[in-house]
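The following pair of complexes shares a single chain, chain A, combined with chain B in the former and chain C in the latter.
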Partner chain A sequence: MKALSQRRRHPLAAIALLLMALLMVGAIYSAASSANQAQAQTESFSANDAEEGEKLFAANCASCHGLGASGSSAGPSLVGVGAASVDFQVGSGRMPLQMDGPQAQVKPVQFTEEQTRQLAAYVATLGAGPAIPDEEILDASEGDPANGGELFRVNCAMCHNAAAAGGALTRGKFAPSLEGSSEKHIYEAMVTGPQNMPVFNDANISPEDKRDVIAFLKTIEEQGSPGGADLGSLGPVSEGLFIWVAGLGVVIAFTVWLTSRSS
Partner chain B sequence: MADNSHGSPDTSVTVATPGQGGVDTFTNPGLPPHRPRLADTDPRAEKRAERQVALLFFISVLGTLLFFFAYFFIPLNDTIERLRMQNLALGLGTAFAMLGIGVGIVHWAKTLMPDHELTEERHAVTDEKDRAEAEQIVGTILDESGIKRRPLIRNTLIGAALLAPLPAIAIFRDLGPLPGNSLKHTFWDAGMRLTRDPSGTPIKASDVTVGSAFHVIPEGLNEAENKLEEKAKAVVLLMRLDPESLNPSEGREDWGYDGIVAYSKICTHVGCPVALYEQQTHHLLCPCHQSTFDLEQECKVIFGPAARPLPQLPIDVDDEGYLIATSDFQEPVGPSFWERG
Partner chain C sequence: MSSSTATHEYQPKTRVGRVTHFVDSRVGGSGMVKEFGRKIFPDHWTFMFGEVALYTFVILLISGTFLTFFFDPSMAETHYEGSYLPLRGVEMSVAYASSLDISFDVRGGLFMRQVHHWSALLFVAANAVHMLRVFFTGAFRRPRELNWVVGTTLLIMGLAAGFTGYSLPDDLLSGNGLRIIDGVVKSIPVIGTYISFFLFGGEFPGTAIIGRLYVLHILLIPAVILLLIGIHLFMVVIHKHTQYPGPGRTNTNVVGYPVGPVYAAKAGGYFFIVFGIVAAISAAFTINPIWNYGPYDPSPVSAGTQPDWYIGWVDGALRLMPGTVGANWDFEWNIPFPWGVNTLSLNVLFPALVPAGIVFTLMLAWPWIESWVTKDKREHHLLDRPRNAPTRTAVGVAGVVFYCVMWAAASSDLIATHFLVSLNDVTYWLRILVIVGPIIGFMIARRVALALQRKDREIALHGRETGRIVRLPHGEFIEVHEPVDEYKRYQLVSFESPEAYAPVADGNGHVSRSEKLRSRASRFFFEDRVAPVTPSELHASHSGHHGEIANAQDRESIASH
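== the complex of A and B ==
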């Protein structure tokens, strides 16, 4: 310490100090800006996982996504999509794709959890991308459903419907219903933006806010609809159809009864 | 008027008379014979109908009781489940209370009250005598009121009748004032930061990764006086695409920043929020009438009833890396209006 203080009047001291300050600012900046990419690979995959995943990938996915996941005319490159993307697409049964169409459809899951993990581990080695979220950030009981509801109505409700019942997009595409989706898949969809869904990265909606959104979705799922049968929560289409058929039907039945002669 | 409740058709009251000398005349079949109801002839059926009516009224009583039971004895706790139960019971109770009375009265009238069948002849449409009588009445009114002889009364009445509608003008005027140029300007201004909806926190350009969409309000909107009115015009959708896929027209090259573009969220058709962003096709879809806008062509309308592309908000980045607007929208946002030109 003494040596340091003795040199503080050295002609190069100012330059050294400046360099140190610059380095520190740079380090803080890079730490802060990388916070929203990938939020560091939290789940630890072993080298073995990635190796097994590569084999699975070559056997099941490479025909469309290309060897080394570099993409082909049939499927996009998976470099940098991250483990979360694989876990969502494969874990929800969307991938491998059953047929070509406007968008990937949900079907029974094709891989075991272990295999999904290995595939995710392999794709995560290809480039930095969003990782599979931690358990604690998925715990809906920790979230604030009121805040989540506000965020949902601003960011999600226009496509997924205010009651998360899903809705139509253009040319056969659609935003799916979120009922029954697992916390993990909801989170992963937000960070990766599958299909035509935009990405909601951690700088846009923080991980805690994402948990609030999940808490909101789980709350409306548990509570059901206060007005009785929700008829799919599709709004004026299903409700209008019901009242035109059933409501007017009852009115007509009463009219017929009113004007008929008693036996 | 004639009564046809005693079993035989009474041809003397039929309306149509056979045509004079026509070959295709037909005889008026008259009314079908009056058929007594079951309850008219069978005392047991009568008794049964009586019990049915009483039962219906009793159902109404039960419905009212159900309403009050639900109102007072289903305590509302925090769960929506309980609220739903109470709602259902209140609705069902009221429905049966009303239906029971209504259906009971109709059933009573149909089965037990006398069932006379009546025919009534239609009067001639114009009768000269009636017309003359009406004219005479109007003449008498004019004479007796003395409106012809007393011009003071007549003129003051005309004056009063002319002035009386004026308060309506004052009331309708309160619907104003006219919007002035407020339809042509929004909350946005040069140098104003783009902030997240609803939190109002500023957005860094580095936060907006390719493929992401941000719902944006202007800085300071949450503290604005007419927050909702301003928000209805100023909301913006912020997206980042590959800069290669944007094709800005001349003069608009610097309206975006490195593939980040901001467009008004208000549909140019009838003003619904256009916020359904498809990040692969780069289309924006309006949920109300399916107007589709193509981001790659400066939000040109490619489908649906909207007539004009979505207005773009020119943006840039300030010294600290936050996104800012470089001006207000260059054209009015939202649907067309009369003076828009």
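== the complex of A and C ==
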């Protein structure tokens, strides 16, 4: 004790104290917060599911992701990606990958729902990760579309476009249009961050806020376009193209008619 | 009207006659109708785009007036309580809320907004096409140079009106556009920040800009446009309309229909056609769905953020400008001044001002550049066919290519996603094309124009190829050519074709440097001209060919026996 009190005016004492305080705050935060914790698997998979999933994995996925999903030079390890990741990638038709490219393209879904569930069950056994979301958190009618819209504009619109019509990223990558995406896939994309998308974990956007985002997307999808055909919701470019091709085209047709001589 | 004071006062017999006589004897309408109603306008579909521009402007005035009844240009904060669900309760400016109210809660408001915006796009497009027609046919030559300048100013005013209007709803899209303007203004060295603070009434976005843009948009700019349109049309009446060359059309007459009754009916009816087209488009196609973009907030920027098409080329130039070249060479320079370090941000200043500066300066100066090169100060009321002025056409095409590459660059992200190519590659290619494209466009357009002239020459001299092959008695095969009729031939042979000239010495026998330059420019313009067919050439070829065809026909009739 005396040795410690003797050093209390040491030039590095302040720094040591600061470090200790930071460590303590960090430790308390990580103990108290569950935000960064891998979620418990809410959907119950049977042991049989995982077993069947392993067989499917070995036959269809292991050539790239490696046996035991430990990864290879052709594909990343899937340990800890969670069931949500599998459900999104396989369930939306992105996996198995059709070809190498800047990012996985959507194609017709290759597995049945049953098989997708089995694959997800298998990958979930490899390590804790985001789970497939519950039905109740996906119910768009419970959400607040106005709040979802604000969250969407701040967090999502810079890549996906304000009307969720999609947009370009660098070097051939892109953020897809969200029209027609299921509530489940939208939620899973937010928690797993597929392709180039960042992960929006529950500390960033709470599950209820995620539901609001889904509610916003479903609202604008269902309400249609109040002003008539939306021209792809791509903004002024499609509007300009339209007026130059269709608008001016019709105008020219009429000018030709007006100035033609009756013969 | 002084003649009406004569002893014998005219007494109309019918009631309509009395009313018209009452008006006529006080404002002199019949004189104006007599003068103006007999004005002749030539008929050609390419002459109608100026009218389209005028009519869309009238539509803009009408629909814009409707919108001012409901729009509130205040940037005060409010919470939206209207009927559009996905925005209810969201904090926004009064301007944006009132734009949403126009769209969703004012009867017919959304339709009128769409009429206003679609006709704005069509207004500038019609202006642009009208100016291209004027340029490529040489209608800007004396005496119409000043009207060309007025027209160019009208186009610039059209852009200003469009941009100020685009910014008014205070949605995310327009706010992003304003942010770019703010960035461009701030990149002006030394005074940029002062101008920006003056414009926005403080740091961007402030609380003043929407009101200020509103005043410009509904008061100042439309007044200037209206004034310029008045001057423009007045000059058209004074100069009379140009016409395409043809039999019976000369530099001193105008062949066409009189305003009254033919053109008054055509033009009046055409207004309703244009209004109908705009209304049909507005009823069926949405434009600027401000509810998608949400209220302006300086932090989010949506993908696919673009200005309206006519500002697109400037946005495209900004997108094409590299921030750095190689690893170290960047365009942001810090220049020490006695009062401190000023930043010269050429990566913003250069693309924002230089391409537009080049295009508009060349446009405004072109009538004088061309008459300087050709030494042609005469009046021209007959138009050129674009092929008959190959270098001018080529310069125009180069300008169009330059513009269109930048225009395309504004949609580089959509090109990337829709044609499944890399955004980076699109940018690299367009960077090359914006420099190389105009040069290639120039060369190709000039060659095509010269080739078409040669084709015209060929047709004038030898007629059209009929595809009928005839074998002559001595075994030779010839193709029968059918001579064109005189009206068509007139068009092919009657055009002016300036020649390159050698530098001329002035009175002191001295050849000035500018004269040498002028001669070089004239060589560049007219060196490889294709001379129009002369009457003697025509005569020579005719006598030869008629014989040939007659011969061939004899052969045929012999063969068929």
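Definition applied: the second predicted complex is superposed on the first by the 213 of 263 C-alpha atoms of A that agree within 3 Å, B and C clash if a C-alpha of one lies under 4 Å from a C-alpha of the other, contacts with A are read in each partner's own complex, and residues count from 1 in each chain.
Everything below uses one rule, namely that contacts are C-beta pairs under 8 Å (C-beta built on N, C-alpha and C of every residue); 3 or more make two chains touch, one makes a residue touch a chain.
Values in this document were obtained by computation on a predicted structure and should not be read as measured data.
Student: Putting chain B and chain C onto chain A via the overlay, clash or fit?
Tutor: Here the two partners, once superposed via chain A, clash with each other.
Student: Just checking: does A:G235 make contact with chain B only, chain C only, both, or neither of them? Give me first, second, both or neither.
Tutor: second
Student: With the two complexes superposed on chain A, say which partner A:P130 touches: chain B (first), chain C (second), both, or neither.
Tutor: A:P130 sits against neither chain B nor chain C.
Student: Given the touch rule stated above, what does A:N196 touch, chain B (first), chain C (second), both, or neither?
Tutor: first
Student: Looking at chain A, which partner touches more of its residues: chain C or chain B?
Tutor: C
Student: For A:F216, decide between first (touching chain B), second (touching chain C), both and neither.
Tutor: second
Student: After superposition on the shared chain, which partner residues are touched by A:V154: those of chain B (first), chain C (second), both, or neither?
Tutor: Both: A:V154 reaches chain B and chain C.
Student: With the two complexes superposed on chain A, say which partner A:G247 touches: chain B (first), chain C (second), both, or neither.
Tutor: In the superposed model, A:G247 contacts chain C only, not chain B.
Student: Kindly classify A:G53 by the partners it touches after superposition: chain B alone (first), chain C alone (second), both, or neither?
Tutor: Neither partner.
Student: Regarding the shared-chain residue A:A146, is it in contact with chain B (first), chain C (second), both, or neither?
Tutor: second
Student: Using the touch definition from the top, say if A:G172 reaches chain B (first), chain C (second), both or neither.
Tutor: Touch partner of A:G172: chain C, not chain B.
Student: When the complexes are fitted on the C-alpha atoms of A, one of 99-107, 135-143, 153-161 or 207-215 in chain B overlaps chain C. Which is it?
Tutor: 99-107
Student: State which residues of chain A lie in both footprints, the one left by chain B and the one left by chain C.
Tutor: 150, 154, 158-159, 167, 169-170, 175, 223, 225-228, 258, 261.
Student: Mind listing the chain A positions that touch chain C in their complex?
Tutor: 102, 145-146, 148-150, 153-154, 157-163, 165-172, 174-175, 216, 219-220, 223, 225-231, 233-244, 246-248, 250-252, 254-256, 258-261
Student: Show which residues of chain B lie in contact with chain A when the two form their complex.
Tutor: For chain B paired with chain A, touching residues are 37-39, 79-81, 83-84, 87-88, 106, 110-111, 196-198, 203-204, 206-215, 239, 273, 275-281, 283, 285, 287, 290, 292, 303.
Student: Under the definition above, what is the set of chain A residues touching chain B in their complex?
Tutor: Within the complex, chain A contacts chain B at residues 33, 36-37, 150-151, 154-155, 158-159, 167, 169-170, 173, 175, 193, 195-201, 203-204, 223-228, 257-258, 261-263.
Student: Hey, which residues of chain C end up touching chain A in the complex?
Tutor: 43-49, 52, 85-90, 103-104, 110, 114, 118, 121-122, 125-126, 129, 172-173, 266, 269-270, 273-274, 277-278, 281-289, 291-294, 297, 299-309, 312, 410-414, 416-417, 420-424
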